[in-house]
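The two complexes that follow have chain A in common; it is paired with chain B in the first and with chain C in the second.
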Partner chain A sequence: MSALKSETHRQKKSAKQIIQGVFLSEYFILIMSLIYFVCVIPLAPRIISKSNLLNLLSNLWPLLVIAIGQTFVLLLGGIDLSQVSIIGVTSVIGTALMSSSFDPAIFEGTPLWGWLINENGGPLAGSAAAVPVSICVMLIIGTLIGLFNGFFVAKFKMPPFMVTLVTQMFLLSFAIYLTQSRNIMGLPESFSAFGRKSLGFIPYAAIFVVVIALAAHFILAKMVLGKWIYATGENEVASIVSGVPTKKVTLFCYAMSGFCAAAGSAIYSARLGMGRPTLGEDIMMDIVGAAIIGGTSLSGGKGKVIWTLFGVFFFTLLFNTLNLFNLSYFTINIVKGLVILAAAFLDVIRTKLMTRMSIVNGAGV
Partner chain B sequence: MKKRVSILLALTMLATMFVGCADKKSEESTGGSSGGTSSTSSNDDGGSKTIALCTEDLETEFWVAAHEAIVDTLEEQGIKVIETNCQGDANKQLEQVKDVITQDVDGIIVIPKDGDTAVAVTKEANNADIPIVIFNRPPTSDEGANITVVCDNATVAEACVDYMVEEAEKKFDKTGEKLTPLIMVGDLGDPNAIARKEGFYTAIEKKPEIFNEAIEVPTEWDAATALANLQSAVQATPDVDFIFTSSDFLFPTIQSVLEPLGKWVKVGEEGHVIMGGLDGDATAGELIDEGMIEGTGVQDVYNEADLAISGLLDAIEAGETQPDEIREDPGFALTQGNLKEKRMDMWGNVIREQ
Partner chain C sequence: MGQVFNMSEYVLELQNIAKSFFGIPALKDVTLGLKKGELLSLIGENGAGKSTLMNIVGGILPADSGELYINGEPYRPTRPSDAKKAGIAFIHQELNLFTNLSINDNVFIDSFPKMGVLPLIKKSEMSSRVDKALEAVDLHVSVDTIVEKLSPGERQLVEIAKALSSEPKILIFDEPTTSLTNKETEKLFGIIDKLKEEGKSIIYISHILADVEKLSDQIIVLRDGCITDRDKKENYTIDRMIQSMIGREINQLYPTKTNQPSKEAALSVKGLSQSGIVHNINMDIYKGEVVGMFGLMGSGRSELARIIYGLDPYETGEIIINGEKTEKHNPQKAIEHKMAFVTENRREEGLLMEFSILDNLSLVSVPSSAKGRLKIVNEECVRSKADTIVDQLKVKCPPIENNPAKSMSGGNQQKVVIGKWLLADPEVFIVDEPTRGIDVGAKYEVYNIINQLAAEGKAVWVISSELEELMGICDRILVMGNGEIHGELTREEFDKENILKAAFNQTEGKAERGVR
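Let's look at the complex of A and B:
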């Protein structure tokens, strides 16, 4: 009788351990996404249609690359609110360079007229190198803005929230000023293809983002720089004492954030087929929300590129299904907000649980 | 072990996706981008139609009325309506249009974020061979095929400002002082905003001798931006006495700036600022009735909703997947001069009476 009790107890314990294992697993969000995906199929069968899956993926790439940049800053315990405006500024400048024509009646009053753009388009109009050069310029500008943010955070210890909020406001106004609120059209077909077409069955945008994601993963997982980033986010003072160049690390992370925002801007602009000063203005919650849902901690020192991928996947999937359910926009926003709140709450619970378990294990209980 | 389980789960998901892709026979037929005239696929429930209404925002009375008119009319006809709202985000609007296309809708009505976004969403609908209506904000280029329902904004704005200019002339004759006109300009990415601005200038340039140089206040179609910019403009030029707002929804903003200055007074009273707008909403109707403003240009929202729905349904019936036409709402100006005859032709007043 007592042996049977002990066996039942062992079985119960093992089920509890499995649930606990899943809950504490770094793949928790992926598992949740898969369960959610499978559960939604009977309710909205269109979710597995080819066109919907292609939509889902095409919405995933730009958000993923931007969220990867945000992950670097979150790992430091910071935040980059300027990403949304970097998207707008780089969208305007990059597309202005390659656009094939500008209507003088609309653009003559803009500060770009005459020296950068005219009725015959931007300086790279008609050139075979227009698209790659313009994208490179976008990436360089994004990186420079990131370095600017990083400089003020690292050098003057200014709160990242304040620095990037100011940059966000400044850049948004600057982007609107550059085109006087006009959108830039007349982009080369090859640029639109970058956002809409595929190489075989793999979209160009996917290739672009996967390369950046792999590089980001390599930096965080394999390089000393990655260890420095985690260490700085975990405990900056201890990192300084240990010889970690925390200022350079901070500069790098913000530069990476700006670079990734510009990469996302290139994809968004290509998909829309236009440069917009207000592009990305409203996606801050999506970026930070996706990173947090993936498991990246707002307090720094915890996060991975693969987690951000899971978070972005879950977030994109959730938004896609809410649209398929034909819910009103305010219901969608309420659900999105609640999911982000739940993710932040779960993060706190998981961290506490892991700390308690490590104490228990450490005590040899 | 955990990694293996996760990889297995990921593979399962990918397999599910590919099965889904393979299973979707009907998708292939919509993959092309040719301008064919094959009829759109019918829905699972057989025969009944599904129309998607993709709105930009429901911040102003005009959009609320348009939304209600379109949804009610469609539902009265037993048509299923799928609604999305991009909250002013062009990129999200494109994603939403792509989403509704995957739901095999028979037609799409879009209130686009702006004229450029109208071009982008038209391209998506054309690629999927689904007829699309661009409601009230015309595309900035004639690329692609759509039914554009639009009010003649330039003419309506001109008609309203013409009446304001008549009143200004009377004031000039009385005082001998030139008036300082101000225009609240909408988002210049929106062709309607550009047309309204053109209408304003066409009207005031008919009497250049009675006006100083016009002041332009950018609003981006945003009340907060409009408030900040109008306050700055009025502080810089306090003698503004002629205001045209490119949309009626900004009248409360104008009131909040003029009232503390003692300039929010009725027509004919000392210090009155000659004012007009465009849209024809309930607020403007009330202000005209109270004698606070000279008039407003009226877009007939109900007529535009009818033009959109009938155009789309006709195209669906005829099996046209890429109809290409412009349907125009002539509009008119409701002023203190024609208030008695035209009052109930304005949709804002109809709503008030209801």
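Let's look at the complex of A and C:
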């Protein structure tokens, strides 16, 4: 009887191990996404049309770059809620610099009128360098806002949730105040091209994002800084004792988050062809959701750029297909909510499985 | 299972218990019996299988094979509550109390008495039962005291009271004295004797062999999942226990000293003060010297180490490392000055428990394995350095690349902490409680490492509350109490009584020697 008992134990364990293998696999989400993609083809054949695939990819890039920034902060065990407002603020300021004309009837009442913008456009209007300089300014502003967040988190040990929530509220209102809730139009043709055109096969936005993503991957996987980011997220006290400059690491991660949000903002603004203060207002859950679906842990120390790529791919694919099914806006949001819930649940299960595995291992050693 | 067992002389009996994890045996054919009113000590190195065995008894893990009996009746626990029902209570090493709740709430956390069918807590019943339990453990505080306000010793007593409140027949103590002072330990032993007189049976797990010798009726030694020695207490000597635990003869508890202290100070502290923590600290640690620091909990010894290492601030005084005066510094500067700090809390401050052993080993020294302005890590270099240290320190561990630090035993974890510092090639080692929670064999190896460091000309500062350990490995002992250094003894002057006197009594112990 005892032999039988141990036999069932063994079977149970091997089943458990299979589940563990699937859940804990690095490519779990990618595999799921591909299976999902294949399953949807018969239901909505349009999904494999060229125009849809291009659309899917063009939706992928801005979310990807923003979620990569968020990943850096999540790795510390923090969160950056201000990203969505950084998108709005940088969108407004960046486009104001390069717009070629402002209608006095609309913009005369804004605080920007006179010193920064007038009826002849922004300070860079008509300049050949308008687009690259404006994008650089956006990235710098995003980085500075990130540094501001990081400063309060690192220096005063304030809860990141609190700090970035306040920045989020402040910046959103500030962006709206700057333009008095108006959109900024009249952008140079080359800026729209940045959002819509391709260099051969590859969209400009894709090049832009892939460069940042590769740099982010390089930092996390190859540089000492990356080792320090993971260590700080796993155990800050032990990291401090081991000589890790945790404050600088924290500052860097929040700055990176702000930088990436501004990069995403540049793509969104270019695609839209205008600057909008509320741009990105509703994508907070998409950003965090995509990152954690990819497997990045909310409690820090665990995550990779490639995981976030998988998460963003899954998210983008999901919304793309929901749109193909002609579902209404709120139905899509309901599904979206359920998927994020499932992702959070998955995160808990993964952690639990890992702990259980290590208890069993640990007890044996 | 038609066999009838007529063994009711045993309260708890284990027969041929075996358990393996992923094919690796943790317990092989363990058979033992516990009589009424008996205290059985279970000793063995970390990883010998003690915890696994107790987890099986407690219903946390299922046994692969073998049978358990309570009073001759088969006992097959599948969950912890089964053990409680069967009259088994655990007193854990890690205190499992909710510090934000009262004693009352803690004791009844899983079984609040209700007012009939109403979902209301019957406080009167709680209080009277807890009062009785606190009385039994000789703890005279109100049942409504928040646990936060109790000392570690008192918390341990609450833990016992909690166990007693379910009126168990069998109590299992797992390293109960780790966080207790000597006085509290004695009190605990008094309570254990009383429990035995009341006919309770006790399984006692401990690394402190002197305690085991004092308390036990029967001693069982586990090694590699097997019982290697069992006998009545009377027939045991501590040497025999150690020999059975580690499977070879240990001729000495401490390695022969081979270091030659120089006259050149590696670390000098002059007039260091931080109000409320340390006062006017003057000390020198010479190259090639092992200096011990003895002090009771709260004497300021660990706090002093934290200040000198740059984790905490100081108001006045000077810290001079290798002749160089350091300005107000931080751990990064301390590491630049070739300092290393092995903290007393391995889990919280020493290791990244979830991260690989390799990541842990390389954490401090990784910048030195990086190239260029971008500080790109040379993985090969990191790997080979880590491998060298694993060999050098004889760390017993699974493959270091993909196994987390927590998969190792305490002794090997400690070696990894030391190894991580060795890779940064420091000159001054601050080692706080280096052998806490690690077993005899590993302790010897840690002492050996400390001795070797000093022999290589490094300065080692060992902080410990185990006096014998300090007397065994140090060249000089500083005694600390109330944030001040009360005495200094050279190796020839080592004397347990004098050191303790100095630690307890500040006026009598003022035997400061000035310059030495």
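Convention: the second predicted complex is superposed on the first by the 337 of 365 C-alpha atoms of A that agree within 3 Å, B and C clash if a C-alpha of one lies under 4 Å from a C-alpha of the other, contacts with A are read in each partner's own complex, and residues count from 1 in each chain.
Here is the rule we use: a residue touches a chain if its C-beta (ideal position, glycine included) is under 8 Å from a C-beta of that chain, and two chains touch if they have at least 3 such contacts.
Small disclaimer: the values here were computed from a predicted structure and weren't measured.
In the superposed model, A:V244 makes contact with chain C only, not with chain B. Of the two partner chains, neither chain B nor chain C is touched by A:P132. Put simply, more of the residues of chain A are touched by B, taking chain B and chain C as the two choices. In the superposition on chain A, A:F37 contacts chain B only, with no contact to chain C. Of the two partner chains, chain B is the only one touched by A:N320; chain C is not. In the superposition on chain A, no contact is made by A:P123 with either chain B or chain C.
Of the two partner chains placed around the shared chain by superposition, chain C is the only one that A:L225 touches, whereas chain B remains out of contact.
The intersection of chain A residues touching chain B with those touching chain C, taken from the two complexes, is empty. Residues 1-3, 5-6, 9, 222-227, 230-231, 234-235, 237-245, 301-302, 358, 360-365 of chain A are the ones touching chain C in the complex. Residue ranges on chain C touching chain A, taken from their complex, read 1, 20-22, 24, 26, 47, 51-52, 55, 61-62, 64-66, 309, 311, 331-332, 334-335, 341, 343, 348-355, 359, 362-364, 366-367, 370, 374-377, 404, 406-409, 420, 424.
Across the complex, chain A is touched by residues 2-3, 5-6, 9-10, 12-13, 16-17, 19-21, 23-24, 27, 30, 82-85, 87-92, 94-96, 98-99, 101-104, 114, 116-117, 119-120, 123, 140-141, 187-189, 194, 218, 220 of chain B.
In the complex of the two chains, the chain A residues touching chain B come out as 21, 25, 27, 30-31, 34, 37-38, 41, 46-53, 55, 58-59, 106, 176, 180-183, 185, 268, 271-274, 276, 278-283, 320, 323-324, 326, 328-329.
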